[in-house]
Every structure is written in structure tokens, then in C-alpha cells.
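The following pair of complexes shares a single chain, subunit A, combined with subunit B in the former and subunit C in the latter.
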Partner chain A sequence: MFHVHYSRFLVQRIAFLVVGNVLLLLAIFVLVQDGGSFADVILNAAPNVAPTVLAGLGLTGIICAGAIDLSVGSIIAVAGTVFGVLVHRQVPPFVCYAGCVATAWCLSVLNGYLVRGLGISAIIVTLAGLAFYRGLALILADSAITGFGGNISIQDDAYHSPGKVYAGAILILTIAAAGIWENSSKTPSKWLALGNSEEACRLAGLSSGRILQTAYGAGGVFLGLAALIYVTRIQAIEPARIALGFELQVIGAVILGGTNIFGGEGRYIGTVLGSLFLYLLSEFLVYAGVNPYFQEVVAGAIILFVIGLDCAMHRKRKMLEEVA
Partner chain B sequence: MRYSILLLILFAEIGLFTVIGGQRVDSMSEIGRYLTLYFSDILAQSAPVLLLAFGMTLVLMTAGIDLSVASMVALIACVMSSFDPGIGFWWTAVPVGLVLGLLLGLTNGLLIARLDIPPIIATLGTMILYRGLCFVVMGDLEKAPFLDVPGYEWFGQFLGAVFVIAMIYLAAGSYLNGSRWLREILMIGGNRVAARYAGVPVTRRLCEVYAVAGFMAFLAALCFTARNSSVSGSSLTGLELHVIVAVVLGGTRVQGGAGTWIGSFLGVLILSVLDEGLRGASVWGEKHLPFKISHIEFLVLGVLLAAGVWMNTRFQDRNP
Partner chain C sequence: MSGLLLELDSIAKSFGGIAALKPVQLKLRAGEVLGLVGENGAGKSTLIKILSGVERPDSGQILWNGHAVAFESPFQALEAGIATIHQELAYFGRLSVAENLMMGDPWPRYRWGGVNWKDLHREAKTRLNRCGLNIPTHRLFNELSSAQKQEIAIARALSRKSRLLILDEPTASLSEPEVERLFSQLNKLRRQGVSILYVSHRLDEILELTDRVAVLRDGELVASYSTNSVDLNRIVKDMVGRPLDQVFPRNRASEIGSPMLELRGVSRSPFFYDISFKAHAGEIVGLAGLVGAGRSGLARAIYGLYPIESGKMCLLGREWRPRSPCEAVRSGLVYLPEERKRQGFVLDHSVRDSISIGFSDLITKCGLIPRRLEDSRVEAACRRFSIRTSSIRQPIRTLSGGNQQKCLLARWLDRDPAVIVLDEPTRGVDIGAKAEIHALIDQLAGQGKAVLLISSDLPEVLGMSDRILVMHRGRVSDELRGERMTQENVIMAASGMCAK
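Here is the complex of A and B:
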């Protein structure tokens, strides 16, 4: 076991998130005023929050390593389309699940190879991926299903168990596994090292390309699980619109959780708390009776505000470090 | 060198889609007439993208990026559409749209320059924020007051579109070309720290650049609404990628410090011809392909973006 080091900034952020989450829960409890539906809010949390948390865990590693993945939404679209096509062909459920997870993992690994191989910034590569994978999902759905009319309907309950029944179990097990792995394996420390200074990493004899590849590979595993829960909790998969704009939600949760957008600092627990905060906030807005169109604006504004605050703070810290 | 390659691609594309689309052009004079008609149509059609590309070129020169342009155009159009049609539209809605465009652009600029948020994250956020505001303004409605405004449809016709494009690309472009302001912008993109030490007001210049992008969004909203006559909350979704890919194709480096407007202009034309061609090729696609041919567009955009940036990084063209 390595000694787990939390910087003062991260400790503050995690404390803030815990307090914020408790306050939001209390506010929702007061607004609902009925024990039964409050229990519903808690029980429904797992399937709703799981995709963001799981994709966020993957992205935490990638952002810690100084890269980014903007194509998570489109990757979920491709994985969902593969899942839908397999269901449409009446393949047994477990093969469908495996297909969905494997597709997301492969695309994430492909992202890693492209970022390494092309030698251009991860932002541009994954922005290109954002468009490319969306088109891939559409073409795949259109050519694999005759008479494809825009969405793939999945009515059979047998295909919904990961999203509707086991979401909470998958979520808790994955978080626990990620936490143990983070504190016992050397790999996550290497991501942090790469995010802090690529130059120092190379001089220390570490291969920066390989470290980046492991970040995308591990991210792919988490993204696969996220995609699985995302697509099995809904009744119809619409390749053109599914998970549209999901990337900002995930990036927002990760940054809110205290991960440095420039890399080199971050913890899984922060991302979990950050996603929970965003979910509770949206529930709070629902129960406070805010216009649904306005909810999106409020959530977007809060994410932007937090990211802005973080960037300004990191800039100040960097200046102080330079002075010291 | 780059321009001749771009022109070659453009004409090859037109030829390919003419053949696929089943158009018959026999004699030389007919080819001339066909091309004139084709280009006047393409120009009027792609005026919004051309205008946005002008601003995006500036933004990319500073090593930034602006993903929120399409949402900005939609928001400006939505706000303008909630005014009463009639002659009064010209001195109520149009100035409001102009101020709104500048404000939205300035918001981007302040987020990026003052708070130091990476441009792609900041504008990804404002893209979703502005799109949300579109729906707050419009709900699920679709409004079309624009054609009841006297003289408004001129912006959507060939003459009006060409006038606006010429004003921007020829007048403003040649005025700015080689100016101190543009050199300072390029310097910020090349090396921000060096620019600051050389006395360039970096924060101010960045805000100005994003405000120019906002102004272009206003002009694009004028041209778009005059041509399409109606607007809804989800108008123009995904246009930002078109603009970015076009500018990258034109040789502007995403790492900043280099770029030309002529290249961006040609890049937009290439993408517009592709767009139009894919629409025309739908009959051919149904016969030969198992999927709708218009779905290819996303794939092509993604590949062009990655390939364009890679080429621009590898083969740096000092004097195109």
C-alpha cells in the first residue's frame, strides 16, 4: 500500500462536496414532504447517477494524465447502437451486454492510440471522434437494421436488468474496486506524474505514450460499464440523439470533484461526490418547480462557474509556487 | 501551393457530385452556365458559415477555439424572432441582436482571458448554456416573423449575401491584413507569454477576438433567418463543427500563430459543395448503399478535422 496523499485543496473540495450534498438532500427532503417519494429519490439515484459516475471515473484518470476525452457521448451512442442491433437480432442478453462493453472499451483504446500516434492534442483528436463516432453509430444502425426509422426499440424486460435492477450494485462494486486499485497500484500514480510533467516523466525513464495508453484503457473499462447502464435503462435507443452533450456533464462532474483540468491532481472519490452533487442539484431544481428548460441553463452555468473558479485558483496557486 | 490544392479538391468534388447526381452537361457554354448557377446558389446558401469562419479563423489564430458559434447564432435568431414584424423590426430587433452577439462573444472572451479556462472547455460550456437559453426564450415553438419585415429577405438572396461576405472578406479582411492588431493576435497565438512581455494587451485582445466572433454570429443570424425565414430552439445544431473543419482545412493551425482568410473561404466552399452534393446524391445512395448517404457527413467531418490538423502540424506552410 502506498501512502495516500490528499493535497489541502482536494481535502477542502471533498469537504465542500460532502456538506453540499447533505444540504441538497435536506432541501429535497423538505420540498418533497413525503417519506415515500423521498425514498424514491434515493432509490432512483443509482440508475440515474451511475453513467455519469462511471464515465467520470474513467475520465478522471485521463484528465489526471493531462489528456481529455470529448467523445464519451458519441462512444456511448456507438456502444448503444451495437447493443440495439444485437438485441434486434435476438442474441442472448449476456452477449449483448458484452458487445456493448467491448465496443466502448475498444473505441476508448482507439482514442488512446490516435492521441499517441498522431501527435496532436487530445482535444482535437477526440473532438474529431465526437463527430466520427456519431456518424458511425448512424451508419451502423441504418445498415444493420432493415427499415430503420430513427430509433431501436427494446421492450423485452430481459434486456434491461443491468440498468434497472443491478445499477446500484454495479456502481458500488466499481467504486470500491476503483478506490482499492487507486491506492494499491502504481499505475494511477504514473498518470498523475505524467499530468504533472511529461518532461520529468521521460527523464525518469517512464514511457509517456504507454502511460497515456493505460489511462485510456482503464477509462474504456469504466466507460463500457457506463454505456451498459446508460443503454439498458431506456426503452428506445436513438443513435442520433442518445447521450448528446453527455461529455460536458461528465467533465463538469470531474472538475467539480477537484481534478485539475490541466492534469496532475485528482481523486476518484471527488468525482463520485461531484456527480452526486450535480444529480442532487437537478433533482432539487425539479422539486423546486423550476421550468425544465431553465434547469439545463442553471446546471450549465454552475458547471461553468466551478470550472472558472478552479482555473482562476490553479493559476493563482501556480503563481505562488513560482514565487516560492 | 495550398490554395491550388484546395481549388483542385473543390472542382474534383463538383465534378464527382455532378456525375453521381445525374446532372447532364454537354457543351462548354452549358458548363459555364451550370457552374455560375451552382456557385451563386452555394454562396447564398453558405453565407452564415462563411461569416462564422471569418471569426473562427481569428479565434484559432490565438490558439483558441469557439464551439459556441452555432448556439450563439441560434440564440440571436431566437431573441430577434420574438420581436414584432414590421418596419420597426429594423430599429428594435436588429440592434438588440447586434448587442446580444457582442455580449455573448464577450462572455466567452472573459471566461477564457480573465478566468483562464481552456477555450475548448469554456466554449463547450457556453455552447450548452446558450442552447439552453434558446429553449428558455422559444420553448418548443417555431417562429417566422422575418419575411414580414420589409426589405429583410434581401440578406438571404444572392446579392445581399455576396454584399455582406464581400464587406467582411474583402473590406475588413484587406483592412486587417498586415495590420498591427492582426500581428498582435498572431503573436498571442504563437507565444502568449512572449506577447505579454512584448507589451501586447493579451486579455484585451482575446476579448476583442471573441467579440468579433460574436459580431459574426449576429451577421450570420441575419443571413440565416433571411434565407430560412423561421427559427426554432434547435436550429443549426452541429454547425460549429462545419465551421471549425472548414477553417482547419484552409490551413489555419489550431496551435495558433498562423492562418489566412482565403484558405478558410475555400475550406467553407469545399464543405458546402460536399453538403449539397450529398443531398443531391441521395437517389444514387439508395440504389448503391445500405444506409442513407447523408450519414457519411459526420464521418467525413471527423476524418477531415483530424487529418487537417495533422497535415497543418506536419507540413507547415510558411507562405501559401
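Here is the complex of A and C:
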């Protein structure tokens, strides 16, 4: 039933990730035997891994189309602040959730407009957004809440259900929906087409601006869900620090999943497996008792190794193309 | 019989003040196959770009089916029925064959809105079959051979019910049997009433396939005749046309010294194969051939930009295995790239920085560059190479093409290299600066350097060189010396037909 094809490179990468994930799970299973329940580890995984996976799905489309979004962390900060402000005003939970998702979606669409409208490379536009949106979140919190002291506390359990109760369900349903969308829409093919060759898109009568816009629009939907889970699983929203550096984690997961950082190649399943791999790796390091200072180093080294290998291969290919 | 399909009325185009096409008149009837020939830079590509909507003409008009049209984009030309297959195929390498074929069209869908991939592949297969092709539609485009890519390009062009098919050097990367398959397809199309504009350097193909031949030279349509009534020599004469009236300087001594650079059976697929030659001190060796014949690839391999696969190179009598261009520069071999703007310069740098980068390592003291010494050397170089600039702090982009090229020469020649590889040194340079650069090259050879001169400018390569190697499809097809150094012989050898 799946007609979407996978290049040999992607098949290899996915196989690598599947094997890696299974090995990590086994290792955690063995390590967790003394003093803990493996089931708890699995159940706790959903809220922790969901934001990365969801934001990663959105970014996969954007990167496949040859663009990027570096401002996802800051967008989550704005969405989280909007959520916090609404909760502070004691608005019903569903309105708060909708406000959070809508804010993230709108900012992602705005990114798309800026990239296509200004004709500036996505990396610059969204790098500016990274700083701009973070500041926006602080201004918003400061002006909407009297006596804002750096964080917005959310104690009422009624406002935590997406992050604490339904994270797993949201995650699985979204992944399933993404999989169906990938297999039954022309749009993902257009993203890949744009990432492959803008010139060829022009010749085929496609508007590269519109394609880019759909990538950011779809990315916004995923990012909205990611933000929702991210902000409802914590007790206090700190606009200055929430999701700081999150974009690097997400991009890492996407690239690890086999998406070409220069666009034109990538699949959703790779991103899902890549995020899972990064999460299991960090859990494994915790259970293995590795010094917390070293955990980050090891995680970074592994990303560098996998992606560095990729870039080296890409460079060689690019050199040959340039010479030809 | 058949009516006029396309008429070009005084179409002209110039780039940056240099006329690429002088007012050109061209007519094409329905079902006719017209061959378009000319040297590199004669204006063929410009003409194709105008017809396919990539470029807009400066003046004149295009009559398509009797109506005046102005294509704003390649897509409009495509919609009107002009399909162009460019030399570099614009395709989606990492999408499947089916997606590539169908990207511009609506895709078949299920009633609930999802893409019906089965029908999509079936439709793509039908389109391929219609052109007699049997390529699995699930394959990724990148995994196909270049012939298959070409065939799919044609299949896609035809699926749009095009009435005019423009092919730009379609056989450049095809083998003999593949060329024959292409021709039988093109003949089938001709019988169906599709007009074809066939652009090729390979005159044998032009004679075999076309009904009529049009010759472009220096942006002008100089001749047009029916293929039956013409022979090869006539076409070649019209292509070269211009007499060798330019005077090339020759003040250097005629005796040549010891070999400086020697190549023995050097290969690097897919760029060049089995290249052997020697370049001696005080000698200018011309390297002629068509664009894409492997000349630049060879030059870059000699310069150490990428390794060779087999064979042996010697520089100044020692074995030469460069690992990087840096090593080449230090060993006394310099290369002036073909695309000045892209490969040669940082355009915002000043004249001083652009020149001194070539020798600043020689004058550096304790990691610092003495400014005064740098300035005086740059100023001396500017005088020596007569670079016209108001100040050495002027950004390089404000200089004319000729002056930029002289800066590039100055950059490397201040190191006093032994071997100099020049890739199209006078492209896009006005006549005055051209003469100065020619004089400089002559002077360099006179100082006992070996010069390898790559040029598509026939009079230049003939006038400057002591002998000429002609490349064709990655191999040296002929070596011309003395009396045999004529424009006709170069063209013959470059298009793969050795005049014996």
C-alpha cells in the first residue's frame, strides 16, 4: 500500500536507527532491572519524546523543501507564554490549548511569508526570528501579567492533560496522520522536488514560493502540537528559558533520521526514529550511570559522527558535480 | 504544404554591452527539422534561451503560429507548445521517474482525495511506452543512466503535446546505439508533424538528421541551406568564416627548452581519458575543443583540484602527484580559472587584496604582512600588467573584465611560476585588453615558462599557440602543428571527425 519509495541511503539509515533503538531498549531493560520498572520508562517516554518528534515532523518537510526553521524553540516560548497568560486569566483549558497551538502555527506561517516575501535565505530569517520571538515572549508576559516575576506558575491539574495524560495518544495519532499524509498527498513530493531543484520546479510550472509556504504551514501544525505538549507537561513556564536550544535538538533528530540538510531527501519515519534514538540514548546514559557532564558530550559526539559522515559523502558528490 | 510554425523577426540580445545575438531572422515550418550550428559562443545558447522563455530578447519579436508572443517564463513557452531539452537537464534527482514525469500535471486521486499511486505509475508507464521506452517508473531519477535521463526528458516534453522540440547538444553524453535510438525517435516525431530545432556540435549528426541547416557566427545568422544541397566543408567554412586578420604578437624566441610538464596516459573518468603530452619551457600549447570535451577538467586535475585515476604526471622532471592546489602553487604551477567571477575572485575585495593573496605568504614576517612592502609590490604589478585602476583600494568588481583578468594574472605571476595553465583567459574581455593579455602571454613564454592555453576562441588559440591539442569527448583527438593548424582542422577534430 505504500507507494512512497525510499532511496538506498534512507533504507540504510532507517535500518541503522531501528537496530540502534532496539539495542538501546534492550540495554535499558537490562540496566533498569535493579530498582525500577521498565514499563514506567516506556510510559514516561511519551511526554518527553513527543515535542521533539512532533516539531521534527514539521521541520522534516521544511528541510526537505531546502529551507530551515531555527526559531522553533522561540516559537514554543511565545506559544507557551500565550498559554500561560490565558491560564493566568483563568480561561477554560480548551481555549488555552487552542491559543497555544494557534500561536505556534501563526508564527511558523509568518516565517514562511518572510522567507518567500523578503527573498532572504531561511537560515537568516529564522535566525532573526530566534531572537525576536524570544523577546516577544518576554514582552508579552511582562505586559499581560502584573507583577511578572520571570515565570508563570500553572498548578491546576486541569491544564496539564495534553502533556501528562494524552501525550502518547497525541503522538501516535499524529505520527499515523503524518504517515497517511505522506503517502496520499502530492504536497510532500513537491517539497522534495523544490529541495532537489528550484529550476526544475519553475520549468514544471510550480511556484516555489507557494511550495515553501505549504511546508511552513504544515510545519506549524506539527509545531503547535509540539508546543502544546511541551508547555502542559511542566508546572511553570519561564519565557526566558523554556525550550532554549530546542531547535538544535530537533534539527539533530531530523538529520539523524536521514533527511538531507540541504533539502531534497527525507521521510517522516526517519525523523521519528531519529528522535527516539536521541531520547533512548540519553536515557541509557542516565541508567548506565554516566557522569551527567559526560552525557551531553557523548550525545553530541554521536550526532557529530553520524552527520559528519553524511556531510563528507555529500561534499565528495558535490565536488564531482561542480567539476562536471 | 505545411505552414510556418515559428518566425523570429530581428531578435537581438546583448549581455553587459556585448552583443550575443545581433538581429536574427529565422523561420521554421511545421514538421521540419532544423539544425543549428556554430562555434562556442556563436549565440546558439542565447537563441535557445529566448525561445524557451528563459531570457527575454532586447528587441524584435517572435511569431508563433502567426501570432506575436512574448514568453515571460519557461513554463509559458512550454504551455504554448515549445519544449526545450537543455544541456543540463533540470530534474528532480531524488524523486522517482513517475514523479518526474508527472510533476507539472494533476495527479490521479482516489475519491477521498488521496493520491492514487498505482494510477500515477500506470499513467507514467503509458507515457514512456508511447515513446517506446521501458524504464521502471519506481526508480529514482539519479539512478538512471544519462541516456535514460535524456529519453525521459524527451518523453516528458512530448507528453505535453509540444509542437516544437528544441534539443541542445542531446548526444553529448550518449553512446552510439543510444544516439541511433534517439534519432529513430526524432524521425518518428517528425512524421507526426513535430518541428525540431536540433543544436549540435557534431556535424555528422546534423547531416544525417536535419532538413535544413542554419549557421550562427558571432551572434549573426550567416547562412542557411537545405541539408541535401550542402556538404560538410561548406558548413565548416561558414562556421569559421572570419578571416584570421587579428595580429597576434610573437616576440618570443622560437626555440623551446626542456619539458616542464609531462603527462603520460592520464585518465579521470568521466572527464578525460588517456591524455599524454609534454609542455616545454618557452612553449605555448593550445588546448582546443568543444565545451564539455574535458579541457577544464584536465586543467584542474593538473592543478591538483582532484586526483587522477591512472597515468603519470611529471612537473619539472619530478613526478607530480598534487594533493591540493596549494601544493601546485608552491611547486611553481598556477591555474587561472575559466569563470573569473565565480572561481577567481572575492568580488568585494580590493585590487590590492586580490593581487597580494597570490604572494602574501612570501613576504609575511612573523605572521604579519608588511603593508608598505605589500603596497609597493602590488603597485609594481599594476604597472607591469598595465592594470587600470584609480586606486589599489578599489573593489575588484568595479574593474572591467579585461582588468580583472590582468589582476588574476598579476596575482600568480608575481610568484614567478614555471608552468601556467590559462583557462579561457580572454572570455568576456574587450579587444584592447585582449591584445594586452596576448602580449603578456607571449612575454611569459619568452621568459621560459611553459603555457597551457585553453581557449574556445579559434583565432586566439591558433594565433598564440606553438601547437594545438584538440580534445573530443575526453580524449585528444588530434595534435596540430605548423601547416595543419587551421580553423577547419580544429573544428573537424573537435567534432570528432579527423580530417586526414
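Methods note: the second predicted complex is superposed on the first by the 310 of 324 C-alpha atoms of A that agree within 3 Å, B and C clash if a C-alpha of one lies under 4 Å from a C-alpha of the other, contacts with A are read in each partner's own complex, and residues count from 1 in each chain.
Here is the rule we use: a contact is a pair of C-beta atoms (placed from the backbone, for glycine too) under 8 Å apart; a residue touches a chain by one contact, two chains touch by 3 or more.
Because the structure is predicted, anything quoted here is derived from the model rather than measured.
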item: First, second, both or neither for A:G245, with subunit B first and subunit C second; value: first
item: Contacts of A:L206 with subunit B and subunit C, given as first, second, both or neither; value: second
item: First (subunit B), second (subunit C), both or neither touched by A:E296; value: first
item: Subunit B versus subunit C as contact partner of A:G308, first or second or both or neither; value: first
item: First (subunit B), second (subunit C), both or neither touched by A:S184; value: second
item: Of all residues in subunit A, those that touch subunit C in their complex; value: 3-5, 7, 180, 183-186, 189-190, 192-193, 196-197, 199-206, 264-265, 319-320, 323-324
item: Of all residues in subunit B, those that touch subunit A in their complex; value: 65, 111, 114-118, 120-122, 124-126, 128-129, 132-133, 135-136, 139, 241, 244, 254-255, 289-292, 295-303, 305-306, 309-310, 313
item: Residues on subunit A engaged by subunit B in the complex (per definition of touch); value: 70, 114, 118-121, 123-125, 127-136, 138-139, 142-143, 245, 247-248, 251-252, 261-262, 291, 293-294, 296-297, 300-301, 303-304, 307-309, 311-312, 314-315
item: Subunit A contact footprint on subunit C (complex, rising order); value: 73-75, 78-79, 90-96, 99, 103-104, 107, 110, 113-115, 117-118, 120-121, 138, 140, 270-271, 297, 300, 305-306
